[in-house]
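Shared between the two complexes below is chain A, which pairs with chain B and chain C, respectively.
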Partner chain A sequence: MLVSVLEPLIFATIAFYLWGAGGREQTLLYVALGAGLMGMWSATLFGSGGLIQWQRWQRTLELLVAAPPRFLVTALPFTVATASLGLYSVAATLLWGRLLFGVPLAFEHPFLFLLALPATVLALGVLGLVFASTFVFYRHANAFSNLLEYPVWLASGVLVPVSLLPGFVEPLSWALAPTWGVRALRDAAFGGNPLPEIGACLALAVAYLTLAAVAMANFERLARRHATLSLT
Partner chain B sequence: MAAARVFLVGGVISYRALFNWIRPLSYATTMLGIPLFQLLFFAYVGRFAGVRDDAFFVVGNAVQATAMGGLYAMTMTVANERFFGTLAPVLATPANRLALFLGRALPVVLNALAVSAVAFAAGLLLLDFSLPAARVPALAAVVLVTATATTGLGLLLGSLGLRVRDVLFASNLVYFGTLLVCGVNVPLDVLPPWLQAVGRALPLTHGVEAARRVAGGEGLGGVDGLLATEAGIGAAYALVAFALFRVFELEGRRRASLETY
Partner chain C sequence: MAVIEAEELRRTYRTTTGALRRRTLDVEAVRGVTFAVERGELYGLLGPNGAGKTTIIKVLVTLLLPTAGSARVLGHDVVRDVREVRRRVGFVFGGERGLYERLSGLDNLRYFAELYGVPAREQGRRIAELLDLVGLSGRERERVEGYSRGMRQRLHIARGLMHDPEVLFLDEPTLGLDPVGARELRQTVAGLTEAGKTLLLTTHYMFEADALCDRIAVLSRGRIVAEGTPRALKERVGGGRVIEVEVFGIGEERVDALRAVGGVRSVAVEERGQVQALVVRTDAGVEVTPALLARLAGTTIGRVSYREPTLEDAYVALVEE
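Moving on, here comes the complex of A and B:
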């Protein structure tokens, strides 16, 4: 509730007031979509690692890892599900913007918008799987993941264009699913062609899945060798 | 003498226990890393929105960084006694309750000063912000008052943690709320009157305004009214917090529910 709805609403409200005071030419819909993606990223970031921690605290992590199916296959639905909580963020910020700030919800390509949403959720969910894999071995990986909320918001251009940031950030942004997700949603909303960005989301999902498979296999092996799965 | 020992030694041990549980790496990333990236995020949002200059966001977020400790650490330092099952032994002692309670706030205030200093340093190094050395002592005094006031609100949340199940939800909500209503990132005059009123009833708002004036060259004498208001608000929250602490303690003893969830 906090991460998926309340936090994005607070950030959306801050952005609405700042954009209003600054007289930016970008529409408030631009801001609402960005704030929605911020919530989707937060839900993915904290939910994906959190689910491994929760399994560990509930003493079910060892059982899941020891079960015949690969743990990667078991964890993937969890992480995609946590990313899908971000749909609440998008819906909440759009509704909030409409009701309190009069944001016009006029989408140029509504069907492509509806196509971009699941593609973004899928890409973020698989990225969440990469994060979740680190929690299998590193019990305190949240120390690192806690740090990633603001940097990824910045580097993926959800509110501020990446071109305004230092030059080294742009190549990094290409590897981040939220970058392509927010571009796809904005292109669908404002009349661009979101299909390349949707394709980038799907391509990144495949790349993340490959990375997650390698990382999960190694972290799982290390956790078995060091007998740390059940340690909290 | 015993009360002073409970205040100082008890507070330090309680604080060390907090970070022994969550490890130094968590301290560095959470207490220092998050305020740093928060500052950068809002400074760039401010630049893009074209509202105010970097100094507005550096001072606002560096002072608000005191809430990382003042709200979260303070909440956890009190509420975790219940979570880790040490509340009953602590309350079974005859220790002075005021010393026991306020002693937990002292390390939090000192930590908040350090966190704020790191955020200011980041602003100086990474953003378009400058601060003449002569203004640092006055700014430190403003941050000290603000950190103490914010800790008063943290004490209130910590006291609520002796009764409610998930007090960190409230801490998170208040923390993010301060980003909106306390003039940290959104100028107060841009907000609707009722949100301004909410902000003015919270710690930070007057402290942030005083810090901006001092960073802009005004002396402490020019912001004494703001600092007095900030201190008064913090004291009011701390007073209510202590009253709740005593009520929940007595209720918990009477109903044998100190550590039940």
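Moving on, here comes the complex of A and C:
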């Protein structure tokens, strides 16, 4: 709990100092939004799988899997709720930046900003569902998901622009919801047109949902074959 | 048509051991089990730990795939017709877990009512009925983390019955309950059969199976070693005698030597503090005491007593056969 509350503020502080040292004070809002998305990504990545792990420890995972709805449908609200915790990360980062670093919170398109936020949460939440599906079968899937935090921060451009990274990263970034989420939020904040990025978020959500449906059905079958739904 | 059918059901678990030189190990939990449960029947699977009872239930409620064989519930195959089976069955596993601790009992039931598609307008009435049935009315707004083991177990049963399933699977529902709590729960279970439900119950306890079940299958090491009404099972192993011999420190070779004595049906060792009690079941009309004591020569022997076989003896004899 404490980590979830403090981590976004720590990310924000480091990012502000990094960019401040580079003499780019004008882009503090740009940095704040990136740091907010970093927190949202972490919340989604660790929360979605962690939730399945927790249900396994509680012995409720079997109850949910053996219920009539597809487990995909049961798990989706969990992972979207987890991603929505990332909204705190965005809000806390902006407020922290305003209070400590004097970041001007002037949004060119405040309504589009408010539209971009739920679209980003939805896309990340459904991506979380893909991760959650692996945890249904693999009891130690966190060993894999733990590796994904920093690479996705980099590859999605929330820390540094993707254009500064090697060329092969860019196609990868297109498949990542945080890429389009942070672009949508930044466009809404700085006067660009965020609608294409919002559309990309929604399209990715549909693609992730399809992937999650296939993955969940397969991992559930494997879990039933290898008896990994419970700890005993 | 039987409500629950299992045909040559098998389930093997594959485990690995060792860190550097990993070895895979196949453990056969269920080895060709066949049984059928009729509508309205309360059928008991009785057996010691590791006999395969929970595995069978998990296969029947679609949480595990069988390695071989087949099983149907209400005519639906548990491998192919997963959703049909899930809609129609309820299940309750023993133990304290399987509930959302930070939520109230009421909220736990509400969540599962949603999950099982109980219409919103019926949820309130249904939950009130179930709370009444399991004796939790008045405590439903308390958080589950403050519930006793017995209350949790009763909440589990209410959850399992939420969607009014035709078939209910109960896996060791009285596990860890105090005698009063266990008796109350048995009364609740008995009430369910009166309401026309088909129940499959697993238990360690012979007396519990005897009190509740119409028919019992005794499981041992993944196989059914006996099946029938409680009366028939008792008769099957009846007619003998039990000799209890208290000894101090006896090895497995000595116990095997006792088993080889003519007229001895089985020998079980019960740890009673410092003392080990040898429970020797013998054929009727055979005097084996001198032969037993001769094979125990050199071992410190305490009290030797004789009694008629109990229900528990019948069960132990069956699982040791």
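To be clear about the criterion, the second predicted complex is superposed on the first by the 224 of 232 C-alpha atoms of A that agree within 3 Å, B and C clash if a C-alpha of one lies under 4 Å from a C-alpha of the other, contacts with A are read in each partner's own complex, and residues count from 1 in each chain.
Following the convention adopted for this analysis, a residue touches a chain if its C-beta (ideal position, glycine included) is under 8 Å from a C-beta of that chain, and two chains touch if they have at least 3 such contacts.
Since the model is a prediction, treat every value here as computed from it, not as a measurement.
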Problem set entry | Of chain B and chain C, the chain that contacts the larger number of chain A residues | B
Exercise. Touching A:84 in the superposition: chain B (first), chain C (second), both, neither?
Worked result: neither
For this session: Determine, under the contact definition given at the top, whether A:44 touches first (chain B), second (chain C), both, or neither.
Result: neither
Exercise. Once the shared chain is lined up, is A:154 touching chain B (first), chain C (second), both, or neither of them?
Worked result: first
Exercise. Is A:18 in contact with chain B, with chain C, with both, or with neither (first, second, both, neither)?
Worked result: first
Exercise. Should A:134 be classified as contacting the first partner (chain B), the second (chain C), both, or neither?
Worked result: neither
Exercise. What is the contact status of A:143 with respect to chain B (first) and chain C (second): first, second, both, or neither?
Worked result: first
Exercise. Of the partners chain B and chain C, which touch A:7 in the superposed model: first, second, both, neither?
Worked result: first
Seminar exercise, completed: Residue positions on chain A within touch of chain B in the complex are 1-2, 6-7, 10-11, 13-15, 17-24, 140, 142-144, 146-147, 149-151, 153-154, 159-161, 164-165
Exercise. How about chain B: which of its residues touch chain A in the complex?
Worked result: 23, 25-26, 28-30, 33-34, 37-38, 40-41, 44-51, 169, 172-173, 176-177, 179-180, 185-187, 190-191
Exercise. For chain A, which residues are in contact with chain C within the complex?
Worked result: 58-60, 62-69, 74, 221, 224-227, 229-230
Exercise. Touching chain A in the complex: which residues of chain C?
Worked result: 13-14, 58, 61-65, 83, 86-87, 91, 93, 95, 97-101, 112, 115-117, 159
